[in-house]
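Pasting the structures in now, so scroll down.
Shared chain: subunit A. Partners: subunit B in the first complex, subunit C in the second.
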Partner chain A sequence: MTKKKNHFIAYSTLVIFGLYMIFPFISTGLYATSTAWSNTILPEDFTFQWFVALGQDPNFIAALLRSVSLTLITLAVVLIIMVPTVCLVYLYFPKVDNFLKGLVLMPYAIPSVILATGLLRMYAGSVVPMYAVLVGGLFIGSLPFMYQGIRNSLEGIGAKSLMESAEILGANTLQSFLRVIVPNIRLGLLITTLLIFAGFFGEFVLTNLLIGGNYETIRIYMLRRMSENGHLASAVMVAYFTLLLLLSLLITRLTSAGKVKRKERRSKRNRRAVGSFQNPSETVSLTKQ
Partner chain B sequence: MKTKRPNKYKLWLLPFFTVTALFLIVPLVLMVTSSFTSGATGAFTFSNYTEVFTNAFYYQSFLNSGMIALFSSVVGLLLAIIVAYAMTCLPNKIQDKISVYINLAANFAGVPLAFAFIILVGNSGAFRLFFDGLSIPLLSEFNLYSWQGLTLTYLYFQIPLGILFIYPSLKKMRKEWKEAAFLLGATNAMYWRKIGLPNIMPSIAGTFIIMFANGMGTYETAYALTGSNVNLITIRIAALVSGDIYAQPEVGSTLAIIFAMMMLLILATSQILLKRVRRDLA
Partner chain C sequence: MSYISIDHLSLSYGNNLVLKDISLAVEKGELVTLLGPSGCGKSTLLRVFAGLEVFQKGDISIDGEIVNDVAPKDRNIGMVFQSYALFPNMTVFDNVAFGLTIKKVSKKEIEEKVMNVLELVNLADKKDFYIHQLSGGQQQRISLARSLVTEPKFLLLDEPLSALDAKIRKQLQMDIRALQKKLGITMIFVTHDQEEAMILSDRIFVMNEGKIVQDALPAELYEKPKNEFVAGFIGNYNILTRQQKQRLAPTFSAEKLAEKYALRAELIKLTPAENTETIDAFFENYTILGSTIRCYFNSGGIPLTVDVLNSTVDVTTLQNQTQLFIDYRSFVPLQS
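Up next, the complex of A and B:
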């Protein structure tokens, strides 16, 4: 009896919380599909005209493309540098690894505003293009997340013994890295990458402070539209969160796929690689308020 | 075999350390030197610090940020604990799914969040109209574009963040503990006071500090909601360094340094606390 009662309380708490969490989404959605909503509790009409207008706005398309290209370029840089570095450090340089553990926490202590201050101080008016500085700043911001993600994956597959086995079987280091380690951490890496993708895609602070007006990304476009036409801005947000939702669904799918795999293999090892994104210490970098 | 070979791979670490040096370490060092440089003459000076410490405007910005961060993290933490505890009562499958969506909600910060709150509780927001229609003066005193509004808005992303940190430690509490305590005659309240709370206390403290730091560092939400109307430390720094007419990068650097020092202190405390949790559980 008491158990059922407890469940009831638990469910109702979660429903109330869920409603609180979902209200802003709903209101944005309603605003995006109406033309007049000022003196009533619910909007007065329903329309898709803002989404059509959005699709025809070259500024929106340009902002979207800028965000996507910035995200992809930065992700490429981050992955190319971070994967080998974390692997090497984890496998061969435990002292450097300990140092890195502390270093990657720096972005937690230094909010983007402070990082932007330092970057402006160093690079404003210099020959280094601000775009490169922005990529560098984003790289720094993603450090804790990327480091933890890759490291958890490596620990999960027992990279050290895998590497040794590969080398005993005659593979050289590069071969064992590319053919053994990378394929094994692919899933964990993919999940981390998707989450970072969401973070980069929605980045605002660094972009706005470093190159702001000259480089309108999706969030800056949103802010500008917000003061001009709220309905259109809402439509941007709806599109943006649909994308994030799809991404989240993909992550859930991938995670459960990984779990099935894990069950099949009946590995005794604690595979945190797959569930790594649930590690709370990694999520902070995503919440760039 | 392991002892000698690694040295030849050290070269591969070079790109990482170059990037970190160029975009993290050196800018921070330059910021420190800049905070000791006079904006007018370029000579060494303490005047930036004396200005920051004597000017009530800057002092106020720290206080405002601190109060909003404190309030939103205390309330947010309480609610986060309640929701996280409710989550642990559910079947495992649902728990996993919920945490993904909480992750998504934690991403709903900044410009979209500010706008959603304007629609809901802004000057002609839906909730305001609803309560006005019922003649309930619940929101009549409420101003979204002030510290009240900021606190309410921060709560929205602070709660999910708190859940993400609290939830794992609540999950580690075994059902058997509760059963054992009840078998020995403890009441629910006694169980929480003697066993439950002492067990999760360190992680609650750690989570609180992370939430506080997060609230202090928030810029986008505040900027989108109030522009520069509310005097917050992040907004102040951004206004001082980004090139508008009032730009005073040296003072901005000084504020940023003081702010970073505070954050480092906060983070160090949280690390110590979190380490303690791990030792307790090991």
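Up next, the complex of A and C:
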């Protein structure tokens, strides 16, 4: 009885949590597909006119492309610079690692407005384009996730032993890094990448203050349209979330799926061929002739 | 000239001197053990052989060549780690083949060599498995295979069996020894387990606080520990002060006077034997260890541990034991 009761409570909690999370999405979706919804439980009609309007608005497509390009460029910069840096620091400079662990938390302490003001004062009118300054600012903002994410992955796989083991087997540092470390931290990297991807894509304050005037990203566009029409704003929200979801799925697929699935399939096939590995010949002598 | 030698080597981390003026030599085909408690510097010394630690003083030479500044990848050695350090992203075959692919050996030769070494460790049927699909013992055997396949000059083993359960550990101890003898490969084995060291080694280097305190054959080490630390670490010795020894054996005078003496627990007898002298003692307690029984006696305030074969004693009669019998020559003087 007690067990059943516990299950009931667990499932109820899960259902309530699920509803709490999904309800805003459903209602936003319903609002985005209607023209009138005031004193009824469900909307009075159903239409795609807001999505059509959105699709026909060249500013929406442009904003979308700007957001995607800004996010991907920043992500590329972050990954290319941070992954080798964190690996080097973690593996070879433990003292610097201790220092950086604290330092990378600093962006949490600096509100985006302060960061943007500081960057504007420093770079406004300088030769450095504001786009590059924005990429740099977003880079700094991603440090806590990126540093800790990669570092935890390295710790999780025992990267130091793996590197040493590869080097003793004759590999140089680059070979060890590319053939042993990177493939093994791929999952951790993917999760971290998705985290900061969503963060970059939805970033508003820094983008708006630094280059918002002449570079309308999707979030700035959303804010502008929200004040015009509630239904349209909901359509923008739905489009935004759908897009984020699709891009996340795409990143997941590109960085992990193919190779892992192929390997798993090959492994499963072999397991079937040699029988269950649950029957290891543990006590069979190594040198049994 | 020895095959591998270390000459007056010192290593420190900042102000912390970890290895203190170490000198040792290993001959070709030998299996030597670095034995000592945690933190004694044995793993650090092993890493020095591998080129993974930077030392400040001394020389290390392999096969007649000083290799102080040679990178690990160029030393042509093998190493088996306590944590196995196998590559989770690769199959068993790819793990073992890794060293050969780095050396750009032909595919055909890689296939042949990898399968040979997998046969050697009896895991050829697991070649396409991933590491997480293997048990701890199997993983360590793959690690051994991966180290052997490149035909290294010698093999370093850093507490390779300590994460395994007792049964598999014992089996692998025998297997490693048999493999070493079969291939004639030089091995340096690190362990904190004195029994493991005794089973495996041709020679044992006992380490404490960054120094080698004794270098001896296993039997010699057991019979003649050099000092109190070795006696305490190697076996179940009774450590007696000079005064205590004098009280137990007043007529015995050792060749060299020492402040402390070791007396092996199994050399104290419950019944008279040849050349034994009698001492009065009363029985306090006993513990059954399996094939032996460890008895605790007290002789005039001196606690004595006595090991007897389980089959030779009836524990119910131990209460009646009032005398013990010692051959005075069993006392081993210890250096201070």
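In this text, the second predicted complex is superposed on the first by the 209 of 289 C-alpha atoms of A that agree within 3 Å, B and C clash if a C-alpha of one lies under 4 Å from a C-alpha of the other, contacts with A are read in each partner's own complex, and residues count from 1 in each chain.
To be clear about the criterion, a contact is a pair of C-beta atoms (placed from the backbone, for glycine too) under 8 Å apart; a residue touches a chain by one contact, two chains touch by 3 or more.
Everything quoted here is computed from the prediction, not taken from an experiment.
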By the touch definition at the top of the document, which applies to A:L162: first (subunit B), second (subunit C), both, or neither? second
With both complexes overlaid on chain A, does A:V180 touch subunit B (first), subunit C (second), both or neither? second
For subunit A, which side has the bigger count of touched residues, subunit B or subunit C? B
Does the superposition put A:H231 against subunit B (first), subunit C (second), both, or neither? neither
Quick check for you: in the superposed arrangement, does A:R151 touch first (subunit B), second (subunit C), both or neither? neither
Of the partners subunit B and subunit C, which touch A:G170 in the superposed model: first, second, both, neither? second
In the superposed arrangement, what residues of subunit A touch both subunit B and subunit C? 277, 280, 283-284, 286-288
Using the touch definition from the top, list the residues of subunit B that touch subunit A in their complex. 2, 5-6, 9-10, 12-13, 15-16, 19-20, 22-24, 26-28, 30-31, 34, 79, 82-83, 85-87, 89-90, 96-101, 103-120, 124, 126, 129-130, 133, 154, 156-157, 159-161, 164-165, 167-168, 210, 213-214, 216-221, 224, 234, 237-238, 241-243, 249, 252-253, 256, 259-260, 263-264, 266-267, 271
Hey, which residues of subunit C end up touching subunit A in the complex? 50, 52, 71-79, 81, 83, 85-89, 91, 98-99, 102-103, 120-122, 125-126, 128-130, 133-135, 137-138, 141, 144, 146, 150, 167-168, 171-172, 174-176, 178-179, 182
Spell out the residues on subunit A that touch subunit C in their complex, using ranges where they run on. 157-158, 161-162, 164-172, 175, 179-180, 183-184, 186, 263, 266-267, 270-271, 274, 277, 280-288
Considering the complex alone, what residue numbers of subunit A touch subunit B? 6-7, 9-11, 13-14, 17, 20-21, 23-25, 27-28, 31, 37-42, 81-82, 84-85, 88-89, 92-93, 96, 103, 105-106, 108-124, 133, 136-137, 139-140, 143, 173, 195, 198-199, 202, 204-205, 209, 212, 219, 222-223, 226, 230, 233-234, 237, 240-241, 244-245, 248, 251-252, 255-256, 277-278, 280, 283-284, 286-289
